[in-house]
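Order of writing sets the labels: A, B, C, D and E. Residues in every chain begin at 1.
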Amino acid sequence: QDSLVFAVVPKAMNNPFFDLARDGCEARAKELGNVTCTYIGPVEHEAATQAQIIEDLITQGVDGLAISVSDIAAATTVINRAVEAGIPVITFDSDAPDSQRSAYVGTDNKQFGTALGELLLQVKPDGGTYGMISGGAAAPNLALRVDGVREALAGSAWTEVPGSPTFSNDDIALAVQQMGDLKTANPDIDAIVPVGGWPMFAPDGWKNFVDGFKADVDSKALALVVADTLPQQLQLLSEGYAHGLVGQRPYEMGQVAMDTLLALTKGETVEDIIYTGVDVVTAENVADFLK
Amino acid sequence: MMANIDTQGFSNVRRTRFWQKGFLASQSAYVLGALIVIIVVMSLLSPNFLTAGNISNITRNFSFIAIATLGITLVIITGGIDLSVGSTMALSATVTSLIMGALAGASFALFPGGALILALLGGLGVAALIGLLNGFAIAKLKLSAFVTTLGTLSIVRGLTYVATYGRGTFPAGPDKDLFLLVTAGKLFNVVPIAFIYLIICAIAMWLALTHTAWGRHVFAIGSNESAGRLTGVNVDRVKIQVYMLCGLAAGFNGIIISGWLGSAPANLATAYELTIIAAAVIGGANLAGGVGGAAGAIIGCVLIEVIRNGLVLARVDPYWQQTLVGCIIVAAVLVDRLRSMRNG
Amino acid sequence: MMANIDTQGFSNVRRTRFWQKGFLASQSAYVLGALIVIIVVMSLLSPNFLTAGNISNITRNFSFIAIATLGITLVIITGGIDLSVGSTMALSATVTSLIMGALAGASFALFPGGALILALLGGLGVAALIGLLNGFAIAKLKLSAFVTTLGTLSIVRGLTYVATYGRGTFPAGPDKDLFLLVTAGKLFNVVPIAFIYLIICAIAMWLALTHTAWGRHVFAIGSNESAGRLTGVNVDRVKIQVYMLCGLAAGFNGIIISGWLGSAPANLATAYELTIIAAAVIGGANLAGGVGGAAGAIIGCVLIEVIRNGLVLARVDPYWQQTLVGCIIVAAVLVDRLRSMRNG
Amino acid sequence: MALLEINKVTKEFGAIRALSDVSFSIEPGEVVGLMGDNGAGKSTLVKIISGIYQPTSGSLAFEGASAHIGSPGEARKLGIETVYQDLALADNLTAAQNIFLGRELKYHVGPFRFLRHNAMNQRAAELFAELKSETRADDYVRQMSGGQRQAVAIARTRLADAKVILMDEPTAAISVRQVAEVLNLIHRLKDAGIAVILISHRMPDVFAVCERVIVMRRGTKVADKPIGQTSPEEVTALITGAKEAA
Amino acid sequence: MALLEINKVTKEFGAIRALSDVSFSIEPGEVVGLMGDNGAGKSTLVKIISGIYQPTSGSLAFEGASAHIGSPGEARKLGIETVYQDLALADNLTAAQNIFLGRELKYHVGPFRFLRHNAMNQRAAELFAELKSETRADDYVRQMSGGQRQAVAIARTRLADAKVILMDEPTAAISVRQVAEVLNLIHRLKDAGIAVILISHRMPDVFAVCERVIVMRRGTKVADKPIGQTSPEEVTALITGAKEAA
C-alpha cells in the first residue's frame, strides 16, 4: 500500500498540550511506517482560520484528518465538506458530535471536570470557597470542564467565589498573575482549581506564588487541584507544591488518532467515541507517573 | 486626468509617460508584480495551487478579509487607524445570529426572508454604531485613533462574550438556508458570492474616492487635515462617515464569515486587525495618510492569502511557515523600492 | 529650561506659570491624575487592593512590560512603530534558556556565573540583532515601519517555534539559581528586582532624552525627519540605534519574565505588542512622532496593570472585565482633553 | 455701515498675549494694509476673523450684526475668504484639486454627483495664466516650488464669491511679475466692491494699493491712518517701535 | 581657483526637467544673486549643491577638486551651509534647540557628554538680538509666526564655520528692519571671506548686496552678469522671458 498522509489539526499551535498529541502521532506514524503525520493548525485559537486550514488540507488531498474542534458549528460545516470530498475525519480532544466525523478520540471533558471536582472533595472534604482559572472564554471543552467541576461540587460544602473563572487566554504569565489576583481578592479562599495546566507550565512562577502561602498549602488550608499532568507539573506535585492533578492523555490521543484513521482508510468500522481516559495523580501515586 | 491642456508652452515639461502616472506609478502596481511572481513560484511548488477548487478557495478566503480591508483603507487614507475591526466582525456576526435565533422562536410570523432582513439590519446597525462611536471620539473629542479603537477592540470583544456568555451562537431559524445562500453561496456554482460583494464594494469605493467631492475630501484630510478644515471641508463629518463605513464593512465581512462557518463563535476574527491593516498597507495605503485605494487593498489581501494558502499546499513545515510569511511580506514591499529608484 | 533670560523686554509676554510648562503641562501629568482617581476607586471597591502583597504584585506585573514600553516609546518618539516586541521577548527568552541548557551539558567547566553571562549575552544579542534588522530595513531601505515590524513579528515568532519545535524551554543548569535571583528576586525581600531595573532604565532614558544631543536628535527626527537630515543629524544611525534599543529592551524584558516563570514558553508574550504600544500612547507618546518620555511610559503601564488587577480584585464578572478595561482606557485618555481646554 | 468691525479683541496663548484690545473697522470695497514686526499678531488677527481662533475677549461684527465665527467654514459662508500665510494646501492633491477643494464642480447622474475633472483643470489653468504664474494645474502640490504653492493659494480666492478677502503675505514667495499681477488683482477686487486686508512686509506694495494702513506692535494697534497722511518712514518707525504711536 | 564650480548640471523629476545644463562658478567671498521666475529651478539648484538631490547628469567641484555631495551632512562638512526655502525646522523643538540641532554645545562628565541648555539658550537669544528679531529662544517653533520661523533658520547659519552660504529667499517673511539686518549680515560674511548665493525675488536687495547676478528661466541659465553691467529692468525682462538671454 502507498504511503498515507494524515493531518492533525490542533486548536492552536501555541499550546504545549497539543505538542504532546503531535509527538504521539509522529511516534505512532513512525512505527506504522507507511504513514506520515502532518501537524498544522492556526497559531492562535481562532475558528475561521482553522476552517481555512482544513479547506487547504482538503485541497492538498490528505488521506485523513484529525481535528481538535475550535468551534463546534464552524467545524461541523468544514468536516462535512471534507467527508463529502471522501476524506475520513475524526475529532480529537474537542468534539463536534453532530458532524459526519467518524469518531471522537479524547477526553470526556464533562467527566474530566467532574474528576477535578471529586479530587478536590477528596483532598479537602470539609469544603470552603474555591475559584477557577480557565483559558479562552470561547473554548467549548473548557466550558464543559468548568461545568463538570461545578456539578461535582454541587450540594457539597464548596462554594464558588464571584469573578470565577478568570480567563487566561492560554497566556502562561497571565495565568500565574491570576493565581495571585484570586488569592488577593479572596484572602480566605480555600482552593484554586485551574481547569488547564497553564499556571503550572511556569514552574518558578507557580513556586513563587505558593511560597507566599507555603504554610497554608502544606496544611491544605489552601488546596491546589490542577488539570493536566505535564512532567513539570508532576515534579511540582512531588515537591509538595500542589495537592492533586487530573490529567488527560494527549500522547495517547495522538497515537489512537493515527490508528483510527488508518483503520478508517482500510474501510474498517471504528467506535464512535473513544475515550482515552483520565489520570488522577496525588502525592501517593506521583512517583509512578514520574518514573 | 487630462494632462496637456495646461502643460502646453512649458518648454521644460515633457509629456508624462504612461508608466509615470496613475496606477502604474503606484505602490499597488509594484506589489501586483510581486504577487504575480509569488503566484508563479507557488504554482511550481504545488501542483494543486492552480486548480479550480483552490482558486475558488483563495477567492473566497481573501474576500473574507477584503471587504473589511476596503473599509480600513478609507480610514487609513484619512490618516487614522481602526484596531476594532476584528471585534466588530465578531459582534456583528453574533448579533445577526442572535436575532435570527430569537425571531425563529417568535410567536408572530414574518414574511419569508423577513427574519433574515431584520437580523442583517441588526448586525449591520451594531457595526455602524461602533463606527459612529469611534468616529465621534476621534473627530469630535479629538482622541488618538489608536487608543480609541484599541479601547473599542476590547469593549466590543467583551460585549461579544457577554452577549453569548462566551459560547458563541449559530444562525438558525426558518431563514437559515437563505442566510447561507446569500453569504456562503456561489454564483453559477463557481464564483463565491462574497467575491461578488467585494467587487461591488470596490467599484463603489473607487468611484467615491476618485470621482466625488467626498472622496477628494477624504484624501485632503489625510494629506493635511487643517488645510481641509481651512478650506471649508467638513472634516469632522467626513471622518465620522469614514469610521462608520469601516465599521459597516467589518460587520458585513463578519456576517459573511459566520455564514460560511455556519457559526458565530465569540472568538471570531481575533487578532485579524493586524492582518487587515497589513493588507491595506502592503497594497499601498500609507499610515501617514493621503494615499491608498480600492485596488491596492484587494491586491494586499490576495497577496497575504496566496502566501498563507501556498505555503500550506507546498507542505512547508508549519513552524517555518510563519517565518516565511513574514519574509515574503517584507520582500513584497521591498519591490516598491524599485519604484522610488526609477522615479529618481 | 531657563525661561527668563530672553523673554525680558517682550512687553506682551508674561512669565510662564509653573503649570503651563514641563511635566505638568504634558499628557502624562493628566493621565497620572486619572490613574490616581482609578486607584482610589479601586481601593474603595476592593479592600485588598492597597495591601502590601497586592502592591508588590502590581509592581512586578507592570515592570514586566514597562521596560519594553520604554524601548517602544523611543521608537514612537522618532515617529516609528515596532510590532515585533512581543515576539522578540519570546525569542530572546528562548535563546537564553537554550544556551543555559546547552552549557549545563557542556564538557568544559566555566567559572561560576559564566554560563549565565554567556546565556544573557546570547539572548540580548539576538534581541539587538532583531532591532538592527528592523532599523536597517526602516532607515536604510526606507520600508514602512508597520509592515517591516509586522514581518519581523511573524518571522521571530516562527523562529521561536522552530528553535524549540513549539515546546518551549526551561532555564536549567548550574547557574539556574543565580538566573532566578537576578530576574525574579526581590531586594530586601520587598522590592522586585525587575522594578529596580525599570527605574535604572527609566532614569538612563530620561537623561539621554533630555540632556544629550542624541536625545535631542531623537525628538528632531520624530518632529521633522527631513529637517533633521538637512541640519546634518545622522538620521539613519539614530533610527537604527533606536530600534536596536527597543529590541534590547524587549529582549531584556522577555528574559526577566522567563526567569520569573521559570519557563520560556514559545507563546510567551503573544499579542503583547498592542498592550505595550497602548501603554506608551496612553502615557503621552504620540504616534505621529516628536512627543513622549520615560515617565509617561511607566504611568501608562501602571494604569493598564491597575485596571486589570483592580477589576479582578473587585470580583467583576470576567465577561464584563474586558469591556470595562476598554472603557477605562478611553476614559483615561479623555482627561487629556482637559489639558487642551485649559491651554486654549 | 461697516462691513467688518473688530471690537477690543484680545487673544492669549498661555503666557503670550498675541493681541491686546485691538479694534478697527472696514468698509465695503476698502483696501487696508496691516503691517507690523514679526510676531506682532497680524496672522493671529487674521485667524480670529476667519474663525480658526476664538478671541479670549472682545467681539466681532459683520455687516452690522454681531458675529460669532466658530469655524473657517462659517467664515466662508459669511463671505470671508482668506489666503493663509502657511498656505493651507493638501500636498497629496494637485493644484487644481486644491483650488477647488470644498467647492468642487460636479455634474449629476441620478442622485449622484460626480466631479468635473476637466472643467476644474481647465479653469485652474486659466487662473494661473491670469496670474501669469508658471504653475501647472495638474501637478501635485507636494512637488511644487515655493512660489507655485503660493500661486495656488492665491488662485483659490478667485473662485470665491467673497465680501472681504484677507491676504496674509500673499506675495512673500512669488516672483516680480506676479507681484504686480496680485496688486492688479487687488485693484480689481476693490472695483468689484470687495474689501481686502493685505498683510505684507513690502512697504512699496502696501503704499501702492492700500487706502489705509494699520500698524501693530507686540499685539497692540499703534496706528490706523489713511495712506495719504503717512509715509513709509513713519510706518517703519512705528513698526520698529522707534515711534510709539500715531 | 573657484570655490564652487557647477558643471552642466541637469536634474529631471519624471517628466519635468527642473535644470538643464546649468554651469557657473563662484569665487571665495563672492556674493552672487540667483534670480528667476517661480519654478525656474533655483531651489532645485540649491538642493543639488547642498546634497539633497543628486544631479541627473553633470558634476560639481569644490575648491578645485571634483566633489560628490551625497547628503546634507557631507555638504556641511565641506563648509556649505544652507538656509532652505521651507526652513527645515523641527516643530516640536524650541528655537534654541533648532539653531543648535546637529551641533549642540556639551560638557563632559566622565565618558558622557551632556547638553549645556543655558549656554545654548543664551547664545540663541544673542543671535536674535543681533538680527533685531522679535523671537524668543525658548519658544517652540510650532507656535511661532512665519517671520520668527525664518529668523530661526537664518540664525542657524551664524553658528557655522562655512565657506559658502546658500540662502534661499531668506527675507521672504521677515519684517522691514530685519531685511536690512540680513543684508548687513551678508556684507559681513563677504568681508570674512565667505561666499554667499542669495536667492531672492526682491530686486532692490539683490542689487544692494550682490556683485553678480545669475538669471534662470525654466531650468536654463539665461544670464550671468556683474551687477554693474545690468539693471533691474534688464533682469526683470530676463526673468519673464521678454528678453531671451544676456
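We adopt the following convention: a residue touches a chain if its C-beta (ideal position, glycine included) is under 8 Å from a C-beta of that chain, and two chains touch if they have at least 3 such contacts.
Every value quoted in this text rests on a predicted model; they were computed, and no experiment measured them.
> Treat each pair of touching chains as one step and give the shortest count from chain A to chain D.
2
> When you check each chain against chain B and chain E, which touch both of them?
C, D
> Compute the centre of every chain as the mean of its C-alpha atoms, then state which one is farthest from the centre of chain E.
A
> Counting only C-alpha atoms to place each centre, which chain is farthest from chain C?
Most remote chain from chain C, centroid-wise, comes out as D.
> When the C-alpha atoms of chain B and chain D are each averaged to a single point, how far apart are the two points in Å?
Centre separation, chain B to chain D: 42 Å.
> CA centre of chain B versus CA centre of chain C: separation in Å?
Centre-to-centre distance between chain B and chain C: 31 Å.
> Using mean C-alpha positions as chain centres, tell me how far chain A is from chain E in Å, no decimals.
Here chain A and chain E have centroids separated by 71 Å.
> In chain D, which residues are in touch with two or more of the other chains?
13, 16, 134, 218
> Would you mind listing the residues of chain A that make contact with two or more other chains?
Where chain A meets two or more other chains at a single residue, that happens at 13, 43-44, 137.
> Pull out every residue in chain C that's touching 2 or more other chains.
In chain C, 10, 13, 157, 161, 165-166, 271, 319 touch at least two other chains.
> Please list each pair of chains that are touching.
All touching pairs, sorted by chain label, are A-B, A-C, B-C, B-D, B-E, C-D, C-E, D-E.
> Flag every residue of chain E that touches chain B in the complex, lowest number first.
My answer: residues 12-18, 20, 41, 56, 218-220.
> Spell out the residues on chain A that touch chain B in their complex, using ranges where they run on.
Going by the criterion above, the answer is residues 13, 38-41, 43-48, 51-53, 55-57, 59-61, 70-74, 76-77, 136-138, 140, 143.
> Would you mind writing out the residues of chain C in touch with chain B in their complex?
The contact residues of chain C facing chain B are 83, 137, 141-144, 146-148, 150-159, 161-162, 165-166, 271, 274, 277-278, 281-282, 286-287, 319-327, 329-330, 333-334, 337, 340.
> Tell me, which parts of chain C touch chain A in their complex?
The contact residues of chain C facing chain A are 46, 48, 51, 53-54, 57, 61, 64, 157, 161, 165-168, 170, 180, 184, 257, 259-263, 265-271, 309, 312-319.
> Write out the stretch or stretches of chain C touching chain D in their complex.
10-17, 20, 343-344
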